[in-house]
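One structure coming up, written as structure tokens, with questions to follow.
Chain nomenclature is as follows: A, B, C and D, assigned in order of appearance, with residue numbering initiated at 1 for each chain independently.
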Amino acid sequence: MSYSDRELMAVLLARQLRNGEIGMMGASSEIPVAAALLAQCLHAPDLTVIMPSGAVNPRPGRLYRSSSDGRWFTGCEAIGTAYDLFELSENGRLDFMCYGGVQLDRFGNINLTRTGPFGEPPRFRGPGLANISMAVTAKRTLLFSTAHSPRTFVERVDYVTAPGHLSGGTQRRRAGIATAGPQVCITPLAVFGFPEPEHAMTVSSLNPGIEPGRVLDATGFALPPPPWPATEPPTGEELGALRAVVDRTGVLRS
Amino acid sequence: MAGVPRTSAVERATDGRLSKVMTLDSALAGIGADTLIAVGGLWYHNRPAAAIRALLRGGVSGLRLLTSPPSSFDTDLLIGAGAVRTLYTAHVSFEHLGLAPRFRRAAERAELEIIECDEATVLGGLMATLEGLPDHPVPSLVATDLLRTSTQVRTGTDGPRAPALRPDVAVLHAQEADRFGNVRHLGAAFCDPVFAKASARVVVTVDRLVGNDVVRAEPWRTTIPGYLVDAVVPLPYGAHPCSSHGLYCHDEEHLRHYLAAAGAPDGDGGDAFARYLREFVHLDHATYLDRIGGTARLDALDEEVA
Amino acid sequence: MSYSDRELMAVLLARQLRNGEIGMMGASSEIPVAAALLAQCLHAPDLTVIMPSGAVNPRPGRLYRSSSDGRWFTGCEAIGTAYDLFELSENGRLDFMCYGGVQLDRFGNINLTRTGPFGEPPRFRGPGLANISMAVTAKRTLLFSTAHSPRTFVERVDYVTAPGHLSGGTQRRRAGIATAGPQVCITPLAVFGFPEPEHAMTVSSLNPGIEPGRVLDATGFALPPPPWPATEPPTGEELGALRAVVDRTGVLRS
Amino acid sequence: MAGVPRTSAVERATDGRLSKVMTLDSALAGIGADTLIAVGGLWYHNRPAAAIRALLRGGVSGLRLLTSPPSSFDTDLLIGAGAVRTLYTAHVSFEHLGLAPRFRRAAERAELEIIECDEATVLGGLMATLEGLPDHPVPSLVATDLLRTSTQVRTGTDGPRAPALRPDVAVLHAQEADRFGNVRHLGAAFCDPVFAKASARVVVTVDRLVGNDVVRAEPWRTTIPGYLVDAVVPLPYGAHPCSSHGLYCHDEEHLRHYLAAAGAPDGDGGDAFARYLREFVHLDHATYLDRIGGTARLDALDEEVA
């Protein structure tokens, strides 16, 4: 069965989500939202999905592209305010938070703010990030990027909008951050991990049909060389549920 | 396609989801000596009175009790029954019905450690927990004698601060919940949501269970989202003799009876308070409802609200 | 027209409330609540009445004796949580707060906690006070007591549950409190003020039918001697509105 | 009795009460250079777009703009029109429709002072105001570059703190209000209540006015109580091209048109952005609604929600 890159990513991200967890979605988050709804309908019925607008456990008829579309509220279970989300985060209740990035680096640090040197106007100004604190307070961070290129996957982010493993090793803990930080990064090409003790990105598995060289070329920092395990392709059950229940209008296919 | 589910996402999810509905005894298991227990409601409204009676039946003692800023019946009952070691409270009374006799007596006899509180020190302490802080500023507590007598407020260099309060368990009463723990208060939620957010475990007794579809039809009515709740215990009239906002009125006659029993001197023709405990606490909820007047009485309390 | 002490007090307190203000009621607050509802229907239609339970601008069919009775919510305009009330207070939005006391002293300090010396068990244990902070944050404090006796009106409270003018003069300001503090104290016998610069209680006016000696006897501290002005008796309009609109069941008369 | 009012308390009160309904121009009077203006909503939803256009028509400039933690269209428009001196923002984008072109350009050309924010620094700053504090701890901002580049977060001895934010005015859009300023959001209230609490003045545009009796029938739906609100401006489709939760969808076609105009290089066949301002900003609301497609288009946006 064929599938789009974004469908693949939603399926792979869904596998990372565990039953009973509480997860928060960010902006421009069709993939994480789809992943969470898919996980709810497959292996994680007790997963709590919190939209960035405050809608809790939405039951959409389809996948709305804006994460704060008013239609996410119709039939959801509760409505939180910005203050509820702030507390939810600061109180350490979040199990995971999903982030993309203008730049992501080897250690999973996230830049959504700006590129170029400090003290100069930005070379590129990014949108910024509303939920920075959740990179510190959520028990783990799940990264994703549809744009797997050396421009996005850089050795070191120009600006730490949200901390990953900082400069790796024990640096995150030494900065006073108790949570686990980035555990996975999902792209159209591969699934990455951040194994102990270095916490630097390595290829956990290579996505179906991708040549290892393509991953190496697309990544702006050194990776432990292949061979790498193969990503288990989306199953019929996964794709079926994704299309029939979560993304009925094919937003992720277009 | 082989993998296509035959039911909608919702039905599947609902089917597979864990119900948080349990018995009162299961929900309250583990509450005992040194537990910091937060009890919701306000004055003699929306209070988990049946849960408090169940704790007393189980012989609980040595509690550290954090009351919602204004508290009443259940605080007095717990103290009178000797279950409380330490009390964090801002206020205990029966409003126009009178002072809280057992609270007053225990305080005057120094049988109880009282940590003087205020809405600001309770909320400040809870907010410190929510916000991951060791304490929270409460500048408005300046110039009170709480600063000299209460451990729930400290004077820092920049003014008074309330140390973080993280209850081990919050025991709340609301009117409705679904089986996934989405709670609906039909009147005041008051301190209950912040208790739920700040507590390690949350038990909610409700007068009635509603379907998840009812919750989803009006999500703005959810006062505590399911992810904060560990146990839902359906218990009609679970607040009696306190009121349950929107459903039934407090039972003023019963409260007066309680006040007479709790305020009577020891040994006055047999211990009136001990008799109250025997007659109204050491029995199951159904028998209790029967004893306080059964359907006729409960209907009358419903009527007062309608 | 005859009236009860509590009716009189509600009328006198209502006169203190101004149009457009935001006021918070406390526990056991039939008198302040009746006063506020009466003021709304006479000279202060834009007064915002906030019940201690969070009900805003209730529209009761009658005067419910418990300030947090669920019936105050039926037909009110908004429902605040404890946190909303906390913020409302700390943010300095409250124009006035009404307090009674187990003890009230010359300088309007309030004791609702305990009598007797510190370090000993209390001689009398009071109910405590949930809204202490509003004595500091509300722009002014209005005191009332149905129990005008030397036991209640003392030279110095045994315990400052909520600060009035502390030891008078500029002490309140010197403690860092910017708000005006107690402005009035209403009892069945008289209306008291706290005039500059001493901020000690003096008789503003003597209630109808009361002999000055009775006030002096009932007050446990020295007062500037009579003659004192006379309190304007409740008007027919005031009593009429109180009975026909606010307190239809005569709670304050019984 | 002579003094008995002939109407009920409610009717009298309602009769005598001050209406907060006013025109947009009256409501926005005084907003100008150096005003710290907080704009409500989130992304391109529930945003007071018509009010923003009115400000631009009035020639506003030199604003200090505090955006709700995620912002979009109106932020970009205000910046593009040169009305903003200082921007406090956590996020500006059009989500899947793209980045914010004028925000991006102004930032890259250093034409704008940007105070980098985050939900925590914005909320922390507002909460400091609400709680009467000079600043509020935001421990979770540790190890970010905001600590080096943003004045909206300071590193104290006990970790990062957000200085108090007290907007001079909050401009919000909601679906409904009564004439006394009781506001009802039919979807996300999000940051709007805390903006209302923290701001010196609060202006709310609403798609429709409802009766006070409607508010009182469901008091739990009031998201901002009237005592926080200074001005209510009834303005159907006042959020367009943004959505108004529960009433109409955002106008994706118009937003794409805006993005094309705002993203076009200067002087590219006549300044597309200036043309956008002329065609869609410098005109009254009724003409605007007509120009974006009138009833047919608006009905279609309603339909998408229904």
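Basically, contacts are C-beta pairs under 8 Å (C-beta built on N, C-alpha and C of every residue); 3 or more make two chains touch, one makes a residue touch a chain.
Protein names from UniProt, one per chain: B, D = CoA transferase subunit A.
Note that the coordinates shown come from a computational prediction; the quantities given were computed from them, not determined experimentally.
Colleague: If I rank C-D and A-D by number of C-beta contact pairs, which comes first?
Modeller: Result of the comparison of C-D and A-D: A-D.
Colleague: Would you mind pulling out the distance in Å between where the CA atoms of subunit A average out and where those of subunit B do?
Modeller: 39
Colleague: Just curious, how far off is subunit D from subunit A if you go by their C-alpha centres, in Å?
Modeller: Each chain's C-alpha centroid was found; their separation is 29 Å.
Colleague: For subunit D, give me the residues that contact two or more of the other chains.
Modeller: In subunit D, the residues touching two or more other chains are 131-132, 139-140, 220.
Colleague: Considering subunit A alone, which of its residues make contact with at least two other chains?
Modeller: In subunit A, residues 55, 73, 79, 86, 90, 137 touch at least two other chains, as defined above.
Colleague: What is the complete set of touching chain pairs?
Modeller: Chain-chain contacts present: A-B, A-D, B-C, B-D, C-D.
Colleague: Quick check: in the complex, which residue numbers of subunit D touch subunit A?
Modeller: Counting only subunit D, the residues touching subunit A are 42-46, 68-70, 89-93, 95-96, 99-100, 103-104, 107-110, 116-120, 123, 127, 138-146, 148-149, 159, 186-191, 193-194, 243-246, 249-250, 305.
Colleague: For a test of understanding, state which residues of subunit D touch subunit B in their complex under the given definition.
Modeller: Residues of subunit D touching subunit B: 131-133, 137, 139-140, 220-221.
Colleague: Which stretch or stretches of subunit D touch subunit C in the complex?
Modeller: Residue positions touching the partner: 1-5, 8-10, 12-18, 129-132, 180, 182, 197-198, 212, 215-217, 219-220, 222, 224-227.
Colleague: Give every residue of subunit C touching subunit D within the complex, in rising order.
Modeller: Counting only subunit C, the residues touching subunit D are 1, 20, 22, 37, 40-41, 45-46, 48, 55-57, 59, 73, 75-80, 86-88, 90-93, 137, 235-241, 243-246.
Colleague: Give the list of subunit C residues in touch with subunit B in this complex.
Modeller: The touching residues are 27-28, 30, 52-55, 65-71, 73, 79, 81-83, 85-86, 89-90, 112-114, 118, 121-134, 136-137, 159-163, 166, 172, 175-177.
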